[in-house]
Amino acid sequence: MLEARNLRKEFGELRATDDVSLEFGTTPGEMVFIVGPNGAGKTTLVNLLTGLLEPDQGSVVVHEETDDGTTVERDITNVDPERRVNEGLVRSFQIVHVFEEMTVRENVRVAVLSRYDKLLSVRSRDDQHEDVEETVDDLLAQFRLEETQHEVAETLPHGDRKLLDVAMSFGLDPEYLLLDEPTSGVATREKEYVIETIVEASDARGVTTVTIEHDMDLVKTYADRLVVLVEGSVFREGDPTLLETDGELRRVLLGVTE
Amino acid sequence: MIDSFFVHTLNGLWYGFILFMIASGLTIIFGVLGILNLAHGELYALGAFVVFSVVGYATGLVASPEDPVSAVVFGVVVLAAALVAAAVLLPVGAFIEAVFVRPIYEREEVYQLLLTYALLLIFVDVMKFGWGTSPLDAGTYGGLNQIPTTELAGFGYPSYNIVAMLVGLAVFAWLVWFFDRSKTGRIIRATAINRDMATAIGVSTDRTFTLVFAMGAFFAGFGGAMVSIGPQTAFLEMGLDPLILSFVVIVVGGLGSLKGAFVGALLVGVISRWAIWLYPAVELAAPFAVMLAILLVKPEGLFGTWGEIE
Amino acid sequence: MTTGSHEPRDDGAAGIDRRDALKLVGGSAIAVALAGCAELLEDEDDAIEDADVPDEPIEAGLQTFLEGAPAVLGVQAEMGAETAVRRINDNGGVAGREIELDVIEEGEEALENYQQFVDDGKDVTFGPISSGNHEAMVPEINAQGVINVATDGTVTTLYEEDHPPEDNTYSFRFQNHDVMEALAAAVEAVEVLGVDEIDTYAGINPGYAFGFDEHEVFSAGIEQLTGAEEVYDGFPDLGADDMSTHIEAVNSEEPDVLFSSCWGGDATLLLEQGHGAGMFDNIELMVGPVLYGSANDLSEGLVDGPIRSGSRNFYWDEPTTDRWSPAADLFEEVVDEYDAVPTAHFMSGYGAVTAWATAAEKAVRLLGRWPEQDELAELLVGHGFHTPAGYHTMADDHQCYSNAHFGELAWSDDLDAAVLENVTVYAPEEVSPPQGKPSLEWIGGW
Amino acid sequence: MSRLSPLEERDGETVVRVPLTNGLTLTKGQTALTLVGILVLFGLPFLAGIVGLSWGRLFRGLLFGMAAVGLNLLLRHTELVSFGHAAFFGGGAYAVAVLAAHLDVSEGLLLLLAAVIVGTLLAAFIGYFVAGYVDIYFALLTLAFNAVIFATVFRSGFFNYNDGLAVRVGGDNPTLFGLGWTDLGYDLVLYYTTIVLMLVMLLLMWRLVHSPFGRALDAIGQDRTRARFIGIPVERYVWISFTISGLYGAFAGGVYALQRLHVQPEPTLYVFVSGEILFMAILGGFTTLVGPLIGGVLLVYLLEATRFSFYYYHAPIGIILLAIVFFMPKGIMGSLPDILAGLSRRASDPGLLGDDLQTIGSSIRRSLSRATTTVRILVFGVR
């Protein structure tokens, strides 16, 4: 379980995250969606969880079950982002971050090499690790990128780049995957396809996902749980049906007055 | 000791103003065009050589200074000559930007470095062709020092230094006015911040860039001219050290920041003069030590801005 | 310690007659021409006429600083070498062989330049100016075996310690070494002000090996002579753009004597900024061994003040040109040809070529054929020859020893150039240690 | 995996597996070029003179080129522009000089080892501070470190100021392999030892850049943020690659000291030497492994030799560099395939030459029109 404990972050006068406490992965493999109006602090929260930002106050904690069934807490508030990856904490960005000059396959491969802890190796060529190559093949297949695997990332269509970005994240064998608007910039008809692929992959691997999403139809369809942020604070937390039933929530989120 | 401290500080300020005049052009070009112009020091040297030729002609028109009035007239003529020399750099800068630099904005930065290095080499020979190989002295320093300045306050300090500081201050004031208040300056800033947006509202980025490069060349040349009418001679390799020192200044101040370049130049000037006074052994290393200290503590420089004129 | 105004040693300054002159300079055509007395020549030189000498011209290379700040010195050396070559070729060449001189920029690559000269088949090479570059070259010169006569370029220790004669066959140096000029400066200061008037001294020297060396030798000398105390030593960068800090330090210390081995643009910068900041009101005397090297860049205002400059082994007007026609001829030739006043570095180039050419001709006369490099090198050791600067000897340590000159910096309206007045001439033995004795040890024994 | 035959099929083309590289391959053409290159390197002492080139100068060019190969690890992979690599070249050279001059160490290989150790430690030290910086800040920080080191050496009596130190103990050349040699023997033994080591180092660099570690450096260069979030400890990896890159410079500097036998600050430590090392990599083609080596040979040759042919000797170098920027956009080695392809097309279709002339003509016209426009801008302002 990944826990945000009283997280607070200020940028000058602006309190972007205000005493946020949340738990993700209480049910392993759950899909949590974070929604909220612009400026609600959604990305800041993800940045705090993944270590791109340091909180002014509060902590980020990972709960882990040991072999004897007890739970151990580990505070990772001050752990570098690259080390959090080892804790199973992986993210993607709103703007696609892939290695533009590498091919699709190389992109995925470098992530998998990192997961297998082989990046410091200089003894062999990067494509000569059989276990790595098998994992890469699996991922390419799962994200339907086999056909474009030898194309350079910067030449791909936008939807495929998004998928590649996510595929790399899965290549890191995450326990928690934080996705910052995986469908932003993707054409409407492809959005479902992107989310569907992510859902399949995370179901197959039992990954807890935390997704920032603006498209409420997608949220309704796929969310196990919903977190609504407004002005840096948790406004609502619960079942996605809240979107239908909670009038105040609808007003805040959709500007709908009833 | 106190008197010395005062004079050393004044010397540092004077040197800082000179550094600012050189570095301002570099920081403008870098801030707007994103190009680190390695030939900048040669533009500075070119200004120093041109002013030698212009001054020789201009001072022939006036009597050499004998009393305060003729000294002031002499000073005005020499300063005008420095401006004329710098103005020669305007078409030179514009030509270089249009012919050589413009085709490679889209290329990787390292090619811009290689290109401006090539221009540096070519400039050396252009000056060798124009003015020969030996150092040249405009010979106006003594005359400028006869302008009565500090004598009025009852203390002896070279008037040229005072004049150079005032000129440096004027350059800074004008640049701030230009980029904050004038229409052209605002257009340049808009272009620096977002090229595509500027193009969309009908600004010709080509022309903006040419103008900026020409301006950068102008201030480099003006710096060279101001130095050359002072105690320094103009010589072929004179551009190398100021180029490196300009790097130091604009990094200390924050890349692309005019105010940063100003504060950075004065800081580097004053600290290095103090260092040479108090710890002579660090003479050559002083500016770089200042730069390392500031960068390692405050990586973005004192006024860190990126890619835009502040 | 004897000092004071000396007659030049035995260059026959006064009342020279034709036969004496011919005997004096060795009698051959070019020796006479290079000494500046070509009009004295009458007889054909049979020994050389009959010698077995190849027809092709001598290929020579000179490397010197041709551009930038050090060109002030380097171009003078070039003019000097060219003038000597012109005189040689106008007088029938060295044993009938004309000299073709290639001149190239020394840069930082003196060693590489020398190798290129050798690859190009040069018979002899001259230069460089820079001492560090020269030091790097000496072993290579001995490995390649093509004689090099340095125009300048040595620190004191070069032939004293690093390359003693037993390890050195082919590397020679014409110009006086820096001990001589720095010591001459110390002696000069004592002569002008008097021992009792010198209690403090300061130095502003260029911040590189030469400047540090000169300061060390001067300090040793002046402290030995007067017991004076050093109150400031500053080392602005070579090619500095500002010396205001160093000048202010001198102003606040008010030393009796300021020593500066700044040259070229550094010398003019120091003089300009010094005048601007009133430095010459705060010192009794400034002595600078190479200030006059910038003669062509000095203006009337700059030479004002209590300043005395050295001029190494040559000052064009010593002995005065109205008494010594070779110097007068040379001065006229240089002004005509180059529109410049010759300085000591002119003689660096002129003398280097002369040393080699006169030795080569002597060798031809002795051997009846053109000498090999090793024969010529052997002959150069102990070789004496004349230039308009006087008589010079190439000593056992391959360092040439000549008179050192020092005088008061002044302005000549006639020439519209800086001149030296009241020139003092120091014989080599007064300001340099005997062969085999390290300089600082020798000074300590004054 | 391992087969006896060095040949294998890949993507329908026969490629040659290179020994000692764990399966790296070359095409037939590349193999031929490599073999020719190696033959030329080994024949250089004898071939250079025949074609009128200076062997010593080519040797120095190879050494600076080797420093550029090291720098290129940063430039090509982590995409960091170092303006301070002379620090490691000079550091290596001065390690040799100081040991020989002050401690009387006379075995050349020992001196070379010391050069590598000292230069690499220097790189590790500087790398520790600069690894977190990118872009121009990285460039100028490395430059500042370089400048401070230069200033320290230049003004220190221990290093004998700008006059520098001789690498001769008691006036003799160092020994190599424990033996004293004649001057020519020394040069030859030093050269061949260097060439062998250099080939090994190139092979290692080749392996390195194709290893997972090389791929991680690519990742850092292309997107630092992403690299961190796939778990790459970016600064540590940059630090490691900076140190390796310094090692190549230190090796080259050490051999330089042994070859020249006298080390001075300006030719080894001055910041413009750093610039030259950078430009060698770019002009030789920084997207290739051996491009920087070629660039080193070319630039050193130009810098040392043009003065013997031209009175104006800076401009010719500048013009050559300009030509490379505009007509060989990927540097010499990087553009070679395009040029060869272009030439063979023109050989089969001479009509293309006419098009070339037109292209050149129109580009000159464009430049001229740009130049005249600038005059108008000067008169009428931006609008």
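Note that the chains take the letters A, B, C and D in the order they are written out, and that residue 1 is the start of every chain.
What we mean here is this: contacts are C-beta pairs under 8 Å (C-beta built on N, C-alpha and C of every residue); 3 or more make two chains touch, one makes a residue touch a chain.
For clarity, every value in this text was computed on a predicted model and none was experimentally measured.
Path length between chain A and chain B in the touching-chain graph (shortest route): 2. Shared contact partners of chain A and chain D, listed by label: none present. Counting C-beta pairs in contact, the chain pair with the largest number is B-D. With respect to chain C, maximal separation of chain centres occurs for A (centres as means of Cα atoms). Centrality annotation: D (chain centre taken as mean Cα position, compared with the mean over all protein Cα atoms).
A separation of 33 Å divides the Cα centre of chain B from that of chain D. Centre-to-centre, using mean CA coordinates, chain B is 39 Å away from chain C.
One simple way to say how far apart two chains are is to compare their mean CA positions; for chain A and chain C this gives 78 Å.
The set of chain B residues that touch two or more partner chains comprises 128, 283-284. Looking at chain D, one finds that residues 154-155, 313 touch two or more other chains. Across the assembly, chains come into contact as A-D, B-C, B-D, C-D.
Against chain D, in their complex, chain C makes its touches with residues 104-105, 107-109, 111-113, 115-116, 119-120, 131-133, 135-136, 139, 143, 155, 162-163, 167, 207-209, 212, 235, 238. Chain contact summary for the complex, chain D toward chain A: residues 22-24, 207-208, 210-216, 218-219, 222-223, 225-234, 237. Within the complex, the chain D residues that touch chain B are 75, 81, 129, 132-133, 136-137, 139-141, 143-145, 147-148, 150-152, 154-155, 271-272, 275, 278-279, 282-283, 286, 312-315, 317-319, 321-322, 324-326, 329, 367, 370-371, 373-375, 377-378, 381-383. Interface of chain C with chain B (complex): residues 66-69, 71-72, 75, 207, 233-237, 239, 241-242, 244-246, 248-249, 251-252, 264-265, 268-269, 272-273, 275-278, 296-297, 299, 301-302. Considering their complex, residues 50, 52, 80-83, 85-86, 90-91, 93, 97-102, 106, 109-111, 113-115, 118-126, 128-129, 168-169, 171-172 of chain A touch chain D.
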